[in-house]
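Just below sit the structures, each encoded as structure tokens.
Okay, so subunit A shows up in both of these, paired with subunit B first and subunit C after.
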Partner chain A sequence: MTADPAARQRRPSWIEQRTRMGPVINAAMHVRVPMSAKTMYFGGIAMFLFVIQAVTGTLLSLYYKPTPEAAYKSVQLITSDVNFGWLIRSIHHWAANLMILFVVLHLARVFMQAAYKYPRELTWVVGALLFMVTLGFGFTGYLLPWDQRAYWATVVGTEIAGSVPFVGETLLLMLRGGADVTGETMGRFFGIHVLVLPLSLAGLLGLHMILVHQLGLANPKRPEPRVPTKEFEEEPLRPFFPHYIVDELVAWYVLLAVLVVLVSVFPAGLEEQANPLQTPAHIKPEWYYLGVYELLKLVPRIIGILTPIVGIGLLVMWPFLDRRPEVRMRRRKLAVGGFSLIGIALVALTVWGYVS
Partner chain B sequence: MSPDPSLKQTPEMTTKTRSSKRMTRTARIAATLGLTVFAWLGIALTASAEDPSASASAAPSAEVTPAPSLAPTPSHPVIPTPGPSDDGWLFATSEPSFGPPAATAPPLPSMPVHTAANGANSCYDCHSAVNDKQATIAAQWKDSAHGKGGIGCADCHGGDPTSDQITKAMDPAAGFSKAPDRQGTVGLCGSCHANPTEMKASGLPTDQYAKYWTSVHGQRLVSAGDTRVAICSDCHGVHDIKKVSDPSAKTFALNIPKLCAGCHADAQRMAPYGIPTDQFDVYSKSVHGVALLENKDVRAPSCVGCHGSHDAQPPTSTTVVEVCGKCHTATQDLYGQSRHSELSAAAPKCWTCHGTHDVSQPSSAMFFHDTPPNYTCDTCHDLTTHKLRLELSRFAKAEDRRCDTCHHPDSEIYAQIQGIATAITGAETAYADADAAIERAAGFGMLTDDADVALVGAKTSLIQAQAAIHTTKLKTVAELSADARQKAGDAQALAQSKIDESVFRREAMVIVIGLILACVVFLYMLKRKLDKELD
Partner chain C sequence: MESELAPQPDAPEGPPAEERVVVHPPEDPSPAGDDGQGSRTTGRRRFMRYLGGFALVSTGAMILTPIIGFLVPSKSGAASGGGKQLVGTTADIPPGAGKVVALGSKPAIVVNTEQGVKAYSAICTHLGCVVTYNDMIGAIQCPCHDGHFNPTTGAVVSGPPPSPLPAITVSVEGDQIFLTEA
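And now, the complex of A and B:
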């Protein structure tokens, strides 16, 4: 052991000596965060929820049996007999709902702050893809308990997909693995839910984070110049670590508290086992599809089908359609107003779907 | 009460007068021989006899005392009915104004003569263009079971359906006849529908004609010439006859109560018969009526379920157990094991406790009055013969259909009933408690499948115990009730464990939230420190 403290301080750690990851980690810990940036932590919470989903989903898969004959009983077993099974399942259930909610909130925040504009267009596109993958998680995971609600919501959901012009029939057969919702459907939904979507989401999320890291957070008060200006270079920044990370941690803890209350007071339930011969009186999809479902009932079918497809197309391509550099909300009345109206309409349709 | 073997075509019986004379003669012979069943067949005017609250006719004879008639005072002269018979029914005591009951049904007429249609139906072609009324009739026929089944106008009216000339098509020489009278209508329908050869293709039964003449309707028509009674076309329609399976048919299961009520709820029409007209209203509120009319459960009995359709007649005191037992088979078996069933005519029957048209959901309230009724010797005994008797008027009101209507509080049987009541109410309370506990557990968001399964077992035992009341055996009821209580207790214990689990989770939640709050406070302090350093 050397007696020179300075020499000891300069000496790399045991891990660093064997990984030499120090520069990479140091680089990762430096993200450009303008003092005026306001993320509201929605994106970070969504990512935190994804990690929760990955962990709880893995634990659930230890007991879950993806066949129509065994799925329901295995979910019963997890909920009633497996130690803390109810907790894991309830967390997975509520975190899934919260994840969709926070992805939507994150998307709305980015839109309102025009954070999708130069140079973050691709970050937006990847984010929109992440949103769709998240919805895919909800759609495929919903069937897995194989209770009445799961089964019939999937029947309705796949029928909507089957109404898509030109490719609807093929899409329906692909989704269901046949004409009806059967064990074939469950097999492919399970495969998509635990393999295809997690890998897709992990890949897209990684890309999203790299882009965020490289581009930094957007300033909601002024657009980013295409050629760095003095003002941009001298913009006051907030250290990503530990300052911003501590803020995120507080948000995650608060979210965790909400999650704990939800799973304790409203644990995940289970209806009667799926019965393809007994159609329930009122079939409704989950809340995140309810708005679109109600729209389908209110307008001609073709319009109801095409509206969300066109909407998703617009969503993905929006940064390339709105190319004005302006980022302030009050100067973007058309975009902000239109987006708000669509949001209000979707919320109204969702509420209407619940009460009707 | 089966149709007389002489139910065949006999030309000498084609006129009502001759038929009536012959029937009168036959009935007198029957009465002389004491064949009281024929006396019953002749009455046709029983006051809703299965309903003890309705009229005197509900009381079994000999040992059964008639209740005072509760029917409204008729504004029309009441058609007198024959005197008491021995089959369990009482009738009005005044002399009948019509002939004695028929011994035989009218002969089955021949099918109408007509020229072979060979697919032609000039009747339809012309009548659909004559005027609106005829066009409506033609359209009704075309949409009817007959119209769709190839039964043409000439099959009922005769004539020549191949000719487009009115004088030829409607020529009496070609067999044409207008609509027959009401008795003739029954014969006209029967000429085909009682013919096995004709009915072979449709697969319909051929006994309706014979059954009809055994019904109260048929007997009044044939014996009293009462043309106000229901005939085939009143229920099935005339030109618009539809299959019974057709939901738009008047004879479809769900529509039958209203069909019968069309006449039987008509106070003016029923006035001459002195029978009540509230059966439909009462039935509509009964368990049977609610099941059929509100829940659209076609398995529930309508009027014909108990009274029969073509052979409609009120169940007698001796047959009511069999009538109810057609559906309630297990209960009928249990009743057969009881002391009640051994009491012959004085035996309490299904209706004694459950009512008739007003059958309601049974409950523990059916054991005892809040205040025991007044008892006198003749409450239960005929003062002359000292035999047990059943005074049906005591059961007229639903709130009086109680065990202690007959059984005195000081009697040994009363103590047994108390034992049965205690056992049943104990099991019911245990079941209700378990059900409430499960509901509470489900309200906490807990899965209650195992408790639900246990509760189903308790429900099964409870139903068995409740049904076993019909055996009147305390030991049987007590054993089944104990079983129900135990199973309900198991279900409640399972539910309670889930409630406890939920409470534990909420308590744990408070601790976890406390820990999270501590972490948040720590991080917030750290954040403030970092922000200060940044400033």
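And now, the complex of A and C:
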């Protein structure tokens, strides 16, 4: 027994002596969280879903075969023969959908609270890139089961990319690996889905988290001063660890419960094997592309293609266009109103696309 | 006890960070009256900077060229065999009916209309889905975005397709239907 308890407390642990990571971990556990900050845990849940996707995706890749001849059968094998295969595949399917939903909710929350304003402009830009990478995951992962829906969604999706002015033809050829959607396309999509996008997302997510850590969370009631004021310095804060982290963990568990229910009640299905000579009747893309699908029915092709491109460009550049320091929602009528209108139009188009 | 983070009233307040003007030294700071050593050093520095930039750009090009080249497909897949191909008989496609057939690696649609047997590329001109013949409404229809085409001419009747379906040469010999690939 050590005589001096204080000396014992000061002695670093076995691990600490061999890593000296204590200061790094301590620094990581301190994030500025104003009492009035309300994140609704959307971003944290999206990150948690990415971890689920990385784990389930790695497991699926052990059985999946990325060729048109073998892909469909390997997905059938995973679903019907492999132990817990249906569960792992369904979790991957539902977590992908939820990840897109929560990234969109996180984006909407940050917009509404004007958390993209000084000094968080770059955090927003990195976040917008993360949103695009997430959509890319959905697009590339969709083809992999090689069923009818997968095949034709990819035909239309790559055709849309091919209609982009000036670079479309090259883009189409690069995406498909030829003129048509074939095994070459599958090889490319598989490589992008399991290597290029996960590495990009991990890198961007790391950068996003570093920025959030360094800048802290935004106060939705007051703009951040360019020179620290007394009011800013004395703002009441909430401890990041354990208070905020524990709340976040509770949110993750709730999400996990929702995921289990969805997976059990609506397991991921599989349509007929892809047939390049027959487009099935009433084929539609996944819900997150239904808005664009319906728009393409209503307006000339070029407008239907350019509208989302311009929208994404505006989204990325938004912090540099809206430079007023005001953060309160009721004093940002134009930005909040415009964003809400676009959101309502997108939801309306999605519902219309679903029922039409 | 006063907190370390409390504002220091006596501390001199500088201008805001973005208002501070940083004065950079001039590009070529050769002191007057030196023996040319300064300008020679600057010249060497500038040369090294150009050399560094060149090395950076050429390394980038060296890495990117094979990557981009690798991504360009080795064959376009657009090439087709050409020639005449038997795709069915008039018994398969009676008057008032239509059918999607394979013409080489591409789908084609054959419709037996009142004006004779017609054939078109079955790839919708909107976004590449394969069209079908809807005998209930007597039109060629795209299942993706609901485009309709005239089975006699291939022209767009309604919906978003921007152009007609490209026609394919058809010849009927006895009861056999042949299509000729372009």
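Heads up, the rule we're going with is that the second predicted complex is superposed on the first by the 354 of 356 C-alpha atoms of A that agree within 3 Å, B and C clash if a C-alpha of one lies under 4 Å from a C-alpha of the other, contacts with A are read in each partner's own complex, and residues count from 1 in each chain.
Quick note on the criterion: contacts are C-beta pairs under 8 Å (C-beta built on N, C-alpha and C of every residue); 3 or more make two chains touch, one makes a residue touch a chain.
Model, not experiment: these values are computed from the prediction.
By the touch criterion defined above, A:28 lies against neither subunit B nor subunit C after alignment on the C-alpha atoms of chain A. In the superposition on chain A, no contact is made by A:132 with either subunit B or subunit C. In the superposition on chain A, A:182 makes contact with subunit C only, not with subunit B. In the superposed three-chain model, the partner touching more residues of subunit A is C, compared with the other of subunit B and subunit C.
Once the two complexes are laid over each other on the shared chain, residue contacts for A:105 go to neither subunit B nor subunit C.
Judged by the touch definition given at the top, the superposed model places A:174 against subunit C, while subunit B stays out of reach.
Interface of subunit B with subunit A (complex): residues 445-447, 449-450, 505-506, 508-509, 512-513, 516-517, 519-520, 523-524, 526-527, 530-531, 534.
Residues 5-7, 16-18, 71-73, 75-78, 100, 102, 105, 107, 122, 126-132, 142-146, 159-160, 162 of subunit C touch subunit A in their complex. Residue ranges on subunit A touching subunit B, taken from their complex, read 76, 79-80, 238-239, 242-243, 246-247, 249-250, 253-254, 256-257, 260-261, 264-267, 269-270. Against subunit C, the residues of subunit A that register as touching in their complex are 152, 155-156, 158-160, 163, 173-174, 176-180, 182, 184, 226-227, 230, 233, 276-283, 293, 296-301, 304.
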